[in-house]
Amino acid sequence: MTSPAIHIQGLRKTYVVSEREAGVKATLQSLVHRNTEEVPAVDGISFDLEPGEVVGFLGPNGAGKTTTLKCLSGLLHPTAGEVTVLGYHPWKRGKAFLRQITLVMGQRNQLVWDIPPLDSFELNRAIYRIPLSDYRRMLDELTELLDLGPLLRKPVRNLSLGERMKCEIAAALLHRPQVVFLDEPTIGLDVTMQRRIRSFIAEYNRRFGATVLLTSHYMADVVALCRRVVVIHHGRLLFDGELSRLVQDFTAHKTIVVQLEDTRANLRSYGDVISQDEGQYTLRVPKADTARITGRLLADLPVIDLLVEDPPIEEVIEVVFAQELR
Amino acid sequence: MSDLAALYLQQFKTTFASMLQYRASLVIWMIGHVLEPLVYLIVWSTVSVSVGGAVGGYSTQQFAGYFIVLMLVNHVTFAWIMWEYEYRIREGTLSAALLKPVHPIHADIADNVSSKLITLPLMLLIAGGLATLFHPQLAPQWWAMVAAVPALFLAFLVRFLVEWCLAQAAFWTTRVTAVNQVYFVLLLFLSGQIAPLTLFPHAIQVAAAFLPFRWMIGFPVELLLGRLSLTETLVGLGAQAVWVVVCYFLLKVVWNAGVRIYTAVGA
Amino acid sequence: MSYLRMLGVFLRVSIMGEMAYRVNFFVQLFQSLLELGTAIAGLAVIFSYTDSLGGWRPDEVLALVGVYILVGGMIGFAIQPGMSLLIESVRDGMLDFTLVKPVDAQVMISVQQVEIWKLIDIVLGLAVLGVALARLGEHVGGGQAAAFVAMLLAGAVIIYSFWLVLATLSFWFVRVENILEIFNSMYQAGRWPISLYPGWLRFILSFIVPVAFAVTVPAEALTGRLTAGTLLGAVALAVVLFVGSRLFWLIGLRRYSGTSA
């Protein structure tokens, strides 16, 4: 029984926020006394990752994903609980620990703007003290896997967002980290590039056996890469298990958004009415019944507009949350 | 007209609230405004003492008076707008100002004046402190004190309008720092900031009379020191008025040209 | 020494990055020459009325101006860019990426950015210094030269530590971008020998905002005015401030990882 690559037990992280109301009086008051409040970003979570696992970390904005990631990479000191990564305490920020991890954040540039990525790579080589031969070998592999050839010598500012992201990821992996933290790596990218990056991550994990913790807004990222997902909401774990189980819930429903003239129609016979606002009704229906119910709606009612879509992730979380309560 | 007054009042309130947030910036501005005239005060006092008590018609105490008054006049008339415009254009926030039915200069003036309402008391305190340390000598005539009011007001207007036009350079170049630097060098020498203008060679004094810089700072300072005759005062006030008019037209031209460029490029 | 190698790479990266903007060379040259012209014109006005300023001869004050420009260039080249970057990184969270790297964060962020064209000021300052010393006709002995270099280095360490303390304040106060301007607005006082200033101002310029140690003290070394006391004091202050600023930085880091989300 190998020890887990990542071990989290009862992790809590609260931070202190100061508030101030508007108006001159409050402004003057704030000079003397600041109103502070303690906000729990992460409120007691526990899970482990075995070496080589690729786990998806899901949750809406503000759920605590980024805070957890920062605790794992040593950027934040936990308020309570136990965290170890590869046997190290991340918050000690030991050099040996830092050399084995990497953090990639979507839409955040670490590459130096005005020069070709290759020179930023050289920087990382110096920072991580990568032996020349290892560096060259890794660079070749990454170039092949990510199709970096024509990009390496163009200044970063001349690259498209997707090309930049590929180079950012490559730069982050040059030192062959054993643990990879990816925070929204595909955000803002077009669909083709998202797919490219997903397949790269899968291939990287296969080739080098790295443990990957991936946070994302997009179910598609998680579906492509992760057998297991951990769902977090309001700082608490809602779900930790096989993706197939979560996917079952997720794809069990579809959302139909209908626009009618009548602002007070009763559509309960068609499905769960999630919201009703100025003639726009949002219904949740079982996936299998989508076509049938859509047909009924169009036949029965004077529909102005109709849209069928997957439920947003926030809703999935609500569903999971509701399920957990049961 | 009451709309304009309401705008100014609202700008005062907004500036007041944000000033308290940015307390550090306030202090930093003021450090420079106190230190520069103070340094020249000390330098010229040193020179004056070493050559027997007076230089070019200014005794050591009169130098003290000159630079302390200069410190206050400079603070009353200064603006930072030439840095703001570069920021606004770069960040695109200028677009919001262009959509408003009021010329943006009013908000800028209001912001400038309301900031000074907060800092001026402190500056007066510092001036008082410096006065006890350096024993300045001033001898303004009673009518000079009266004339100082329009003189200061016009000085502020001339300086603000000129510097507002300077700020529009941001429409044409990103090298705003270099442009501003040229302006500040001219201001340093030709407005009386580095030394009373009478200490300069005659040619420079003549040039200074035909440029706006003296009328922004040097003139009100000399007036408050009591060093000007009534005729000189009246001529000076006239020169200030002329420059205000000139700047008004210059402003219109520069602003319209700048906006044309800004909107052509894509706001 | 891998830190040296890292420094070398950062330098190379900075140079390459700036090479794309060659116009900046000319702009900086223009601004530096304008600054120099202003200083000399100012001197000309003052010395048209006297030939000694607080015991300093015109060419000695010119040497002071040379040191002023030289040190200003050193600050602009190596110290200001790093400390500005530090403040910005704290504000926009990019400091996280530095903290995740296996290098000392203070070292990395201090060397990460240099303002290449400020080398012009360093060259210009040395040139002015050279001219001033030549006009003085004095031969700068080995001892004086060594003292000068030592005081220059001590001054650089003192200023770096001071700027680091200012920049570290950004861990506590958010709107602190302007704080580095405190030094710049007081630096202008260094253009004149601080012996001119009254005691309280000399104190402020020595121990609160260390302009004196940046400019006047090295200039004193070159013009034979440096006392052993000042020399030892400068070195001692440099050591104390270097250690102190590092401790303050570590405290700031602890706060950053304690309360940021």
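By written order: A, B and C. Residues from 1 in each chain.
Keep this in mind: a contact is a pair of C-beta atoms (placed from the backbone, for glycine too) under 8 Å apart; a residue touches a chain by one contact, two chains touch by 3 or more.
Remember, predicted model here, so these are calculated numbers, not experimental data.
Which chain's centre, taken as the mean of its Cα atoms, is farthest from the centre of subunit C?
Most remote chain from subunit C, centroid-wise, comes out as A.
Which chain wins if you rank chains by how close their C-alpha centre is to the centre of all protein C-alpha atoms?
Ranked by how close its C-alpha centre lies to the overall one, first comes C.
Using Cα averages as centroids, what's the distance between subunit A and subunit B in whole Å?
Measuring from centre to centre gives 53 Å for this pair.
Mind checking the centre-to-centre distance between subunit A and subunit C? Centres are C-alpha means, answer in whole Å.
44
With centres defined as the mean C-alpha position, give me the subunit B-subunit C separation in Å.
From the centre of subunit B to the centre of subunit C is 29 Å.
Quick check: what residues of subunit B touch more than one other chain, meaning two or more?
In subunit B, the residues touching two or more other chains are 21.
Per the contact definition, I'd like the list of subunit C residues that touch subunit B in the complex.
For this pair, the touching residues of subunit C are 27, 30-31, 34-35, 37-38, 41-42, 45-46, 49-50, 52-54, 173, 175-176, 178-179, 181-182, 185-186, 188-189, 191-192, 196-198, 201.
For the complex, give me every residue of subunit B touching subunit C.
The contact residues of subunit B facing subunit C are 21-22, 24-25, 28, 31-32, 35-36, 38-39, 42-44, 46-47, 50-51, 55-56, 133, 175, 177-178, 181-182, 185, 188-189, 194-195, 199-200.
What residues of subunit A sit close enough to touch subunit C in their complex?
Residues 13, 15-16, 41, 66-67, 70, 73-77, 91, 93, 95-99, 101-103, 105, 108, 110, 112-115, 119-120, 122-123, 126-129, 155 of subunit A touch subunit C in their complex.
What does subunit C use to touch subunit A in their complex?
These residues of subunit C touch subunit A: 2, 5-6, 8-10, 12-13, 16-18, 20-21, 94, 96-97, 99-103, 108, 254, 257-261.
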